[in-house]
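One structure, pasted below without further comment.
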Amino acid sequence: HGAMTTQTLDEAVESTAGAIASMEIRGAATIAAAAADALAAQAEASTASDPETFRRELRAAARRLHETRPTAVSLPNALRYVLRRMDGDRGGDVTDVDALRRNVVGAAQEFDDRLDRAQEELGKVGANRLRDGDVVMTHCHSTDVLSCVEAAVDQGKQLEAYVKETRPRNQGHITARRLRELGVPVTLIVDSAAHRYLPEADHVLVGADSIAADGSVINKIGTSGLAVSARELGTPIVVAAQTIKLHPETLTGHTVEIETRDEREVVDESTRGDIGDIEVANPAFDVTPPRYVDAIVTESGQFPPESIVTLMRELFGESADEPWKEPDERITH
Amino acid sequence: HGAMTTQTLDEAVESTAGAIASMEIRGAATIAAAAADALAAQAEASTASDPETFRRELRAAARRLHETRPTAVSLPNALRYVLRRMDGDRGGDVTDVDALRRNVVGAAQEFDDRLDRAQEELGKVGANRLRDGDVVMTHCHSTDVLSCVEAAVDQGKQLEAYVKETRPRNQGHITARRLRELGVPVTLIVDSAAHRYLPEADHVLVGADSIAADGSVINKIGTSGLAVSARELGTPIVVAAQTIKLHPETLTGHTVEIETRDEREVVDESTRGDIGDIEVANPAFDVTPPRYVDAIVTESGQFPPESIVTLMRELFGESADEPWKEPDERITH
Amino acid sequence: HGAMTTQTLDEAVESTAGAIASMEIRGAATIAAAAADALAAQAEASTASDPETFRRELRAAARRLHETRPTAVSLPNALRYVLRRMDGDRGGDVTDVDALRRNVVGAAQEFDDRLDRAQEELGKVGANRLRDGDVVMTHCHSTDVLSCVEAAVDQGKQLEAYVKETRPRNQGHITARRLRELGVPVTLIVDSAAHRYLPEADHVLVGADSIAADGSVINKIGTSGLAVSARELGTPIVVAAQTIKLHPETLTGHTVEIETRDEREVVDESTRGDIGDIEVANPAFDVTPPRYVDAIVTESGQFPPESIVTLMRELFGESADEPWKEPDERITH
Amino acid sequence: HGAMTTQTLDEAVESTAGAIASMEIRGAATIAAAAADALAAQAEASTASDPETFRRELRAAARRLHETRPTAVSLPNALRYVLRRMDGDRGGDVTDVDALRRNVVGAAQEFDDRLDRAQEELGKVGANRLRDGDVVMTHCHSTDVLSCVEAAVDQGKQLEAYVKETRPRNQGHITARRLRELGVPVTLIVDSAAHRYLPEADHVLVGADSIAADGSVINKIGTSGLAVSARELGTPIVVAAQTIKLHPETLTGHTVEIETRDEREVVDESTRGDIGDIEVANPAFDVTPPRYVDAIVTESGQFPPESIVTLMRELFGESADEPWKEPDERITH
Amino acid sequence: HGAMTTQTLDEAVESTAGAIASMEIRGAATIAAAAADALAAQAEASTASDPETFRRELRAAARRLHETRPTAVSLPNALRYVLRRMDGDRGGDVTDVDALRRNVVGAAQEFDDRLDRAQEELGKVGANRLRDGDVVMTHCHSTDVLSCVEAAVDQGKQLEAYVKETRPRNQGHITARRLRELGVPVTLIVDSAAHRYLPEADHVLVGADSIAADGSVINKIGTSGLAVSARELGTPIVVAAQTIKLHPETLTGHTVEIETRDEREVVDESTRGDIGDIEVANPAFDVTPPRYVDAIVTESGQFPPESIVTLMRELFGESADEPWKEPDERITH
Amino acid sequence: HGAMTTQTLDEAVESTAGAIASMEIRGAATIAAAAADALAAQAEASTASDPETFRRELRAAARRLHETRPTAVSLPNALRYVLRRMDGDRGGDVTDVDALRRNVVGAAQEFDDRLDRAQEELGKVGANRLRDGDVVMTHCHSTDVLSCVEAAVDQGKQLEAYVKETRPRNQGHITARRLRELGVPVTLIVDSAAHRYLPEADHVLVGADSIAADGSVINKIGTSGLAVSARELGTPIVVAAQTIKLHPETLTGHTVEIETRDEREVVDESTRGDIGDIEVANPAFDVTPPRYVDAIVTESGQFPPESIVTLMRELFGESADEPWKEPDERITH
């Protein structure tokens, strides 16, 4: 069955799928844009003569793209965004292949446009929360966070930053350099010093790996502890995340799989040898419940984390049925 | 004035003072024992013919010792312990030099005895709080903590441990090795992973650099954030600390000076160069308020942190007047 | 006026109304389905020649059904669901009786279909939140909760359960037996032991009698205290509730009436006689504010309790005007 | 450019703008109604022959009105409400000036109708939350709060009230008088006595100056402290606010400008002279985060504060682009 | 060794030991008084001619009594109280058997006197915290609690009570009857209804099985959850406990053994059979950390739970070495 | 009986009692010193020939003084301090009138000396908690607080202050002036603005009217709400209070009577007339539980509020029996 539908796939779909699989195309936004474009290419190249054939082709293309990175969050969001607009905004009985094609191409274009502007627009939203003279504390490195700070600097605001180094991979060093380049005075601290310096900070500002339907924020390990500390001290915590980070699978209760990384990031082999036979746990992310987060800043505006599910359903559909599957293969949940 | 009193100092006092100053004698317990012994030596060597001369000599000896490391916490505690027992337990009108000498020698001996047994006894107290099968989370390295775990293991209890690496100096590696040597299965984690793994832990178990009269615990940077997380999740946090860590100066409101360490512990010079012109803050310790601590375990038993002031006054005196000063030089507080 | 409209009611409406009133038809889902079916029967049987007459008939049928159990929550939800779709999804100027009839029959069918699948789908959503090896704590008996556990077991997950007996009626005994039948090891405890055993649980999992617009959960007495304890210890609390439990009247601030039950459930008459002249309070339910609940699991996916109002308005309408009333009889709120 | 478009403005727009600027027209609801009416007048008076000219005229009219009080919250809401319905509910390619005109006039009328009924309907919603015998605590003076109490009294409920005087302007005196006139027994207290008397209160009931997209409530200085106290003691806090208080600019992260008032409200000049050279800070409002608020009561029903963003977007649009600007002048955010 | 010392035991010691072991003597206060009296009898009967022999006899008597109920808390407290006063208040070099005898007899008498007055005095202390018109909530049955209420009633105060039934053994029924007999209006509730009715209560008033050095209160299962609820709602929680409930063993970190009772108290055998193969957990007590308790009321006055360790050390000694052991058999901790 | 003992009173006692009663002598410290001095005068003037007569005279003098202001807190503390030292530090069988006289005179002198130095010493303790550059927030006016700030300024620290006006009597104006005179920049705010400005403050610093055995702080109305806000935001709250503010009656559970003041302080008669028939509640003080206070600063050092009971018992006795009563008239509690 899969073999049959694969035959009809446009070359652009195949080459995009290959490039995503080989990580030639990487980064949440880049992958998402490529996937939307591939669907548009498939739509334009389609020679299907009836709507159902056309829809089947598009689903096959989406499946091909989806299977390259089944746990990524931005890739299925791109596919969802386009496929659920294939039959137009409301309703499902388009009888005309050209109309379907226009819808797909239009939705892909709309998705691309959103994506193009998303980080900049999100940055302005985040910047508007910051006041002149504010001090922010950051964790890990997030270009969405950076966009907020940059926009604030562009608005003429003077900011300062406490930057957590973010063990084990020290992405805080990147953040420190970028902030310095923006003219923001930086104080670099070890992760353990966060609670000590939080009283000096006006905001905690972090990114997100993904955001769940229950309002939980999945982000770099250490975010949850930082958020708990910030809440205890009354410091607002803001998550900057484009809507491609929303995770529609979680609507149906699915928890987000947390990547476990190589223990050598935590302790080098020689030290490991000295210590002897121990375990090393190195999860990449943790989960911060919504009650520790004040606002999620997206390119669609800011939201309390408890309301992000509404935006998620609006953009990517009310249920989590996988629209790239053939109807008879869909097993809900 | 100082010069005059110095003349009467016994050689043992001078050599001990020198060795403390040169850090030949180091470690909280070792310094404290040496200081008590030096006072006893001075008392035994004294040829004073009247009580007031004897007292002046002892105060001079104590001053000499105290000035070698004025911010240490165990050194003045040793001096306080002995000097406040010089005139016997209660009252101040001993008229007999021999009685004073006996008191000083006896108090120094008592102090030494306590110190000798302190870590082991503390360990038993801490061990009694642990149940077979418990999981502890540790921060930094503390021999008092280790003593608790060791005593629990000796009691036949099976324990497991999550060990935070404790940036920037990774003392967690030492703890990991020692616990492994005791047969305790260890999982090493980055400091940021503490909140993620706290639900697996039955206790947080940390040491103390010093403990203040208001019940605050001064300990390795990161302790306060860990304690906040543990309280939020209902995990008990226990501080293991011998009574020489109690800080009588804080009775009069003095805050404990927090050592700032070399920034190269946080970021090496080459990375620092890449990042550019930033600050690096590297405080050695932080302050955990008593409301985040369940119990302080000492060799005198366990105490809620809010009650430790009672033990402090019992052992080291009700006020913080410095007993090594001449009465007319004492400026209260 | 009522008399006149009653004349037009289909026999199916009358018999359904009778059976609901006599509690021959009982259980939230069964009542709701019967009510939707009765409206469909009325629509199909209608001989109305103009839309307004048809609408009046349907409203009269709905009124007849509604008045049988005015405080139930699922019954009016069924009526709302069908009546607000009578004129099609958007707009109100359907001019054709057949279209109205099709809409009513279709909506009733859709409602039935949702209901048929609801518990199973909800179960899958809830199950997705559970991980292999998890321990859940339950209160009272809820088939929605059971559905979550059953789905998790079907997914091959091993679960264990602490089951509160749930005085005064001991519905926990039913839950215990059902869980055991699913192969889930059960530990039965008195209600007072919940706080003691919560540290062993990974989730609190309860059902709901109804859910209010402000996100409050009305459920068996004892739920609120359990939720407070769980929050204090950081244990997530999940409410499993089909959308027929959403209570649209609460949109307008109405509080949910709490049933007071016979005191003999609490204390038998003989003991009561021994104790003497006291009051016995036996409320069936209590109210848990949303800040103590992590997620509400429905057949439409999971939601933070603070967002459930959005789903409520989507399914049952934005306002709480009672659609079974004649327009001129509606008194808002 | 501005000059050109101004020429086309109807006299009604000019006179309304003048009256708003001179504060002849004042009060959130009155301003909003006048602005909506002025747009309707402009639409009716328009002689535009093509849709784009008509739209430009309406935007110009809206700009003229908006510039009179750029920081008010109800005025732009009126303009947004009407302008975003100018092209009909969904879509933007109305090609007929008459349709646009009908839409504008209809939307203005709808807005007026909502406004007319809003306070009364809100009052009923709020009243439904109150039970017979309840005690409420109020801060400042709010006619929305009064409407809730009045509706409850109309429902036959006996209420009592603790009324905070609300320094510096003592608006509590007005509330006290109004409540007394409704037959509600009042106890007047200084603001500092709130925590003392909260255990006697069943609800805190306050109004709002405006409500932000992140669920924060901007209200009279003192609201945030009162809400923190109420949460600490478990007393529900309800905010009564018509939807014209929702602040769509905050969707894009904008914080609400807090008015600073004359220091003579706080301390008269003679006392000030006695005290000498000090600062006096007199902010009119403060910001209460959503986690301290149980419900926001509007004429559209009650909402958890975390969900109010959904209502805000529904009524006033998803983004905060200012619809009175010409498309090429819009700088998003 | 034990055999040898046993020879010297007075008949009164043997008969008291027998009666305690056979539970002929029962109840915390009765056991404690009997033990103190037996030591006095031993002292009076002693024919020892030198102090050390006398001391050995007394320790042997204490050992004999102690071994009858090694986990009781009041019994060792009686022994500690008397033995630590054997050598007079301060110091240990009494050289005169008669002085030792007088000390023992005097201490036993003092202990008895305290005990005689303890409950009544405690009752007055507790009563002083209650105001006329207050409502208390109780859990389980405690004569110390009853004494507080009785004293308040004697002071002319009108009280009301919510009485939790306290599953599984329904000791609340006893409390309900006793309170009713005192003229206190009682409302009996199931344990799960506590959170629902706490807003009506001014105090939670419970007894204690024992109290630990870290300020934890060991009391009937359900106390900890009740205390958490009460703290969340700001209702003060008071523990009424005579000082014989203080548990000096906990000074050295020992946790209090929690009795597990017969599962048939929870579920009768027939129901158990219906449910099938499940566990039933029936712990008698739970542990409430001090942060959930406002005051511990004793006959020596009221104390914050964090300070009770000071009273414990004052009454029963600073360490937990068991004074009935021979010095060379004492293994600290 | 009273008449008889009155005959023996020294003239100094009578004149002091008169001056206290007429409020010629006023202020907590002044009253306390006068009372101690009067007891010393009585002791010196006594012609009693046997100890019991002397003791009776002193008790009579104390009674005479006590009855002048039975609810003051410093007056009975002075009497307690002296009377409980009459028989020497430990024991009660002084058989020599001269020894008793010396003890009384000495204790009175000691009490006076403590009092003389108390505020200054307390100030130094409080100052030691403050760091250079800190911002404090104050409530009401307290010379103990002022002493802390003055000492900090003397130590060369730069401080700033937010001063709450403290309705209804605006004692904040006095604080503002005094702080300004010390060179501390002041920002005066209405009480309601405290929560808004707390994030700018490093400490809340308040005095106390009295302090209870359970660690509660009785202070100017508004203190409890301020403390709750400060705790919520993690701002430390320090209470500065000399030990004469400790309230030994509370050891036995007595609650502190809260003075209700004239309603005209809250609302003038004319405004009152306009408002109509309402209640005005004007309590002078409120009660802050110890969990909201970080430290109590006294002249004897700083203490966590949960430990202050230890200091109270040390200074004023373990029980609250009134030592001025004849033994046979003492009714405990």
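Note that the chains take the letters A, B, C, D, E and F in the order they are written out, and that residue 1 is the start of every chain.
Everything below uses one rule, namely that a contact is a pair of C-beta atoms (placed from the backbone, for glycine too) under 8 Å apart; a residue touches a chain by one contact, two chains touch by 3 or more.
The shown structure was predicted, so the numbers you read here are calculated from the model rather than taken from an experiment.
Between chain A and chain C, the least number of touching-chain steps is 1. Taking C-E and B-C together, the pair of chains sharing more C-beta contacts is C-E. For the pair chain A and chain D, the fraction of shared interface numbers is less than half, so the two copies use mostly different residues to meet. Between the CA-based centres of chain E and chain F the separation comes to 35 Å, rounded to the whole angstrom. Chain A and chain E, compared by their mean Cα positions, are separated by 59 Å. Look at where the CA atoms of chain D average out and do the same for chain F: the two points lie 48 Å apart. Multi-chain contact residues of chain F (touching two or more other chains) are listed as 232, 291, 304-307, 310. Shown are all chain pairs that touch, namely A-B, A-C, A-D, A-F, B-C, B-E, B-F, C-D, C-E, D-E, D-F, E-F. Only residues 199, 232-234 of chain F touch chain A when the two sit together in their complex.
Of all residues in chain C, those touching chain A in their complex are 121, 124-129, 131, 236, 291, 294-295, 297, 300-307, 310. Against chain D, in their complex, chain F makes its touches with residues 139, 163, 165-168, 170, 173, 176-177, 180-181, 185-197, 220-222, 224-225, 228-229, 232, 266-267, 271, 274-283, 286. Of all the residues in chain D, the ones that touch chain A in their complex are 213-215, 250-255, 289-291, 304-307, 309-310, 313, 318-320, 332-333.
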